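Please read through the structure below; I'll follow up with questions.
We just call them A, B, C and D in the order they show up, numbering each chain from 1.
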Amino acid sequence: MERTYRLVISCPDRTGIVAKVSNFLATYNGWITEASHHADQKTGWFFMRNEIKASSMSFDLESFRIAFEPIAKEYSMTWSVTDSDIKKRVVLMASKESHCLADILHRWHSNELDAEIVAVISNHNDLRRMVEWHEIPYHYVPVDKDNKSAAFAQVSELVEQYQTDAIVLARYMQILPPDLCEVYAGRVINIHHSFLPSFAGAKPYHKAYDRGVKLIGATCHYVTQDLDEGPIIDQDVIRVSHRDSTEDMVRLGKDVERTVLSRGLRCHLEDRVIICENKTVVFN
Amino acid sequence: MERTYRLVISCPDRTGIVAKVSNFLATYNGWITEASHHADQKTGWFFMRNEIKASSMSFDLESFRIAFEPIAKEYSMTWSVTDSDIKKRVVLMASKESHCLADILHRWHSNELDAEIVAVISNHNDLRRMVEWHEIPYHYVPVDKDNKSAAFAQVSELVEQYQTDAIVLARYMQILPPDLCEVYAGRVINIHHSFLPSFAGAKPYHKAYDRGVKLIGATCHYVTQDLDEGPIIDQDVIRVSHRDSTEDMVRLGKDVERTVLSRGLRCHLEDRVIICENKTVVFN
Amino acid sequence: MERTYRLVISCPDRTGIVAKVSNFLATYNGWITEASHHADQKTGWFFMRNEIKASSMSFDLESFRIAFEPIAKEYSMTWSVTDSDIKKRVVLMASKESHCLADILHRWHSNELDAEIVAVISNHNDLRRMVEWHEIPYHYVPVDKDNKSAAFAQVSELVEQYQTDAIVLARYMQILPPDLCEVYAGRVINIHHSFLPSFAGAKPYHKAYDRGVKLIGATCHYVTQDLDEGPIIDQDVIRVSHRDSTEDMVRLGKDVERTVLSRGLRCHLEDRVIICENKTVVFN
Amino acid sequence: MERTYRLVISCPDRTGIVAKVSNFLATYNGWITEASHHADQKTGWFFMRNEIKASSMSFDLESFRIAFEPIAKEYSMTWSVTDSDIKKRVVLMASKESHCLADILHRWHSNELDAEIVAVISNHNDLRRMVEWHEIPYHYVPVDKDNKSAAFAQVSELVEQYQTDAIVLARYMQILPPDLCEVYAGRVINIHHSFLPSFAGAKPYHKAYDRGVKLIGATCHYVTQDLDEGPIIDQDVIRVSHRDSTEDMVRLGKDVERTVLSRGLRCHLEDRVIICENKTVVFN
């Protein structure tokens, strides 16, 4: 893949934004390889993502930022520019179930995921061998109802120490504390089973079985303090029938979960997701 | 299509049911063209559907019933046998939106649906011309908050008068009264939008838009007194993105709704759906 | 829907195109409601579609064209600008099967399709009543092996007389003559069944059945002189199993065909499809 | 999972087969947990699969076979009965690409696949470490154009030595010799990319890209001497667009390939697939 800069912008919509930004890029000979725009009619907000050949501009990232800042100010932009060569540092968190973790690790191992997986943190030791085969450090941080704050202090410390850019909850069966959610807002990705209709509380697959649903699904979303209510990145479903037992549903659910989580993670890593209020714009 | 008898059975599971039923059929030279079985491990209930060439048996339906009754009793069966040549008499109910109604009417017109559509009842007059083109009687029964019981008395009368076998709510925007639900239990089919997660109350598409869902869906189900909580016959979804406005979602939702309703109706008409508690077995 | 201008461009890729075009739009206060870009890495070609609020520019379409022409020349653009208020004039062609025609007519009748359906031409009379109910002229132009050139002369004349912008072959079971294909290049849309693998020649559904395929599909494409080999606009599939007879496959195939044709047509009508060599860029 | 016997039958269709078989089972108190039938109207062939609780019958497999043989003869059945506790011995063959292999290994490792994976044979050494982590023997059998017969003699020997029940070509980029195909007819499973339309010859993804297809797919099939023309077990597709490069298509294609192969393999392992001429009946 050719090295690119990714310029991602959101701002109140008005005339001339694209002209301003593309002029800026053209002025410095920026060769745009991919551009996506979106104007949300309802919120009056504008979103833009440009991918520019790094070699076409004489800028490094710092100079880019300095040069672009006045434009960003003029248009009240929330914005970022990233370098495709600087891989995001990702911490994976898991519990006992391996399906999501194994999928992400294999994609990473096959050079499919544009990230550096710097560590795995788990409240169990079950997946240590799988992780260590990939030569990734494995941190066992047990969590029980009496040690929660100590445990999450340790998690926070690890995450900080690894200079983490993104946290992926690959079926991590614990709820992150509010402060961690806040510090890493928009950078913690979770996967959650989903049904039509939804089933609140425990044992959702049993409830789905009892209700005879014909589709089971999964939702990949950013973690916020409202459990499983954060901005959705991706979703998918799989067909089931009366022939499928609860166990079959769980198994099929795993397939959807890992697919959707990897797909959502990929979009996040390529700076394709912009959060706006409680929803996302995904430029894929 | 060759004429068949459809023998549909549900009963507590035990050894020998299939042997008993298939012996019965073999004794009278019944040629089975399609057979489906299901044993629900959780409820311990057994379900069976046989389709038999009518010409292979010397029976008419009445004799079939008399001859089978003792077996049914022995195994505590809930059962029915129907003749594929006797089409179910269907009443469609609609309001102003035409997408589901038009789809069903076209399939019926193209001989795709194995039913007799005996009437359309609507609380509006908008769709009269479309229905009458198909030479189907159209009954305008306005419903407002002051005349509900009178209106539904008229609906009940019409439905009875037409010797209705099944009622299809093709986007009929009124709630059927409990007594009608009860009399036609397992024979009233509805279509309902569905989301992951679900959104309660009014304007669900607006809520889905605000939440940035990536899939919108529809559920076809039997109507029970618990609104939209009846046994599910079929479901499907369609992908949406941030580019889709609420209007786009409504439009795409229509496509899923009509597809799922027609598919569910087809299963019902061919006696492929068995209700058990609040779920279905669909032998398709 | 608010009135917009749709500016659609393809040209050799180079630095500064977006800047040039967006500057042009900003200069005249054009408010961009939707913008899509694509750079094909392989052909080195650039594609762009802008949708601009008509009310935001002081231009009418003619002035727009005059003002933009120098830019188009400078960048060797193939381009067009259309007004969303000027609906495309569409002629539908059909034979005996109604599924695609009925679907398009119903969407048009429900104001879902942004087009004027000016006429239906058919080599049979079967669908006349359905078409005339919609108050659309129906032209019966029989085609047999001895009168082909006369018949298609008549078709050409009708098409010209109606000032047709687009022709939709809604299961029209005749091959258009090369000259008509050429005159209407990029403006004749066809729907064709598709399988994995594909089956050449007659009775493809029978071959698909004999091969036990698990998916059947449909492809919506522009008609070129190479039969069914033109640029693909959209495709979809539906799942089948051993339980589905050839007749079931045909029936299910119809559902895919009509869905894909309507979806492809919608993209065409909104100027979302750009043809490049034998493929398309679809900005949806 | 409770231990079951799986009785799988195909024979010319006639009256009384189900009665005969289910009587046989009832006579020995066989508790049927799952039963599937199919009558192919076109070939006049009948297919049946029964799953029976092993604990409900006093039989072992050998006695079952002896007792059933006369019935099988009477109805000219091709049949088998297997014990769910006796896992099939599977040899995986791979080359350099890991996506299908890793997926199968992970499912096996997670106890999702009801099989014993006895060995991996590869014409490269790249995947040795991954396989050996799973404690499965890895055999490196290089194949080049000069040593083919020697290499495949070694493969045959290995396969025989492992008492292999099924061979899975998990992206094994070599063509099996006809004699191996024949010996293992109906027991070698392959995965193959598929497109609508299909593209013959080398570099299919490049051709698919140049043609602008909107769906890419994969077909899981039994290997016969006609390359990629054997009976289809399962198929699936994934949506692509002009935004996807050839590399993206290859990557997305991998996701479909591994999903479809694992799904097809699962059906095979549970004796759910019956081959009839060049097609399959899949009782899932």
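Operating definition for what follows: a contact is a pair of C-beta atoms (placed from the backbone, for glycine too) under 8 Å apart; a residue touches a chain by one contact, two chains touch by 3 or more.
Molecules present, by chain and UniProt name: A, B, C, D = Formyltetrahydrofolate deformylase.
Keep in mind the model is a prediction, meaning the values are calculated, not measured.
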item	value
Labels of chains that are neighbours to chain C and to chain D	A, B
Of B-C and A-C, pair with higher C-beta contact tally	A-C
Farthest-lying chain, centroid of Cα atoms versus that of chain C	D
Separation of mean Cα positions, chain C and chain B [Å, integer]	36
Distance between the centres, which are taken as Cα means, of chain B and chain A, whole angstrom	41
Per-residue multi-chain contacts in chain D, two or more chains	34, 38, 41, 243
Contact footprint of chain C on chain D as seen in their complex	38, 40-42, 194-198, 209-215, 217, 219, 231-237, 241-243, 245-246, 277-282
Chain B to chain C touching residues, read off their complex	34, 98-99, 102-103, 106, 109-110, 112, 133, 243, 251, 255, 259, 284
Chain D residues within the chain B interface of the complex	15-16, 18-20, 22-23, 25-26, 29-39, 41, 56
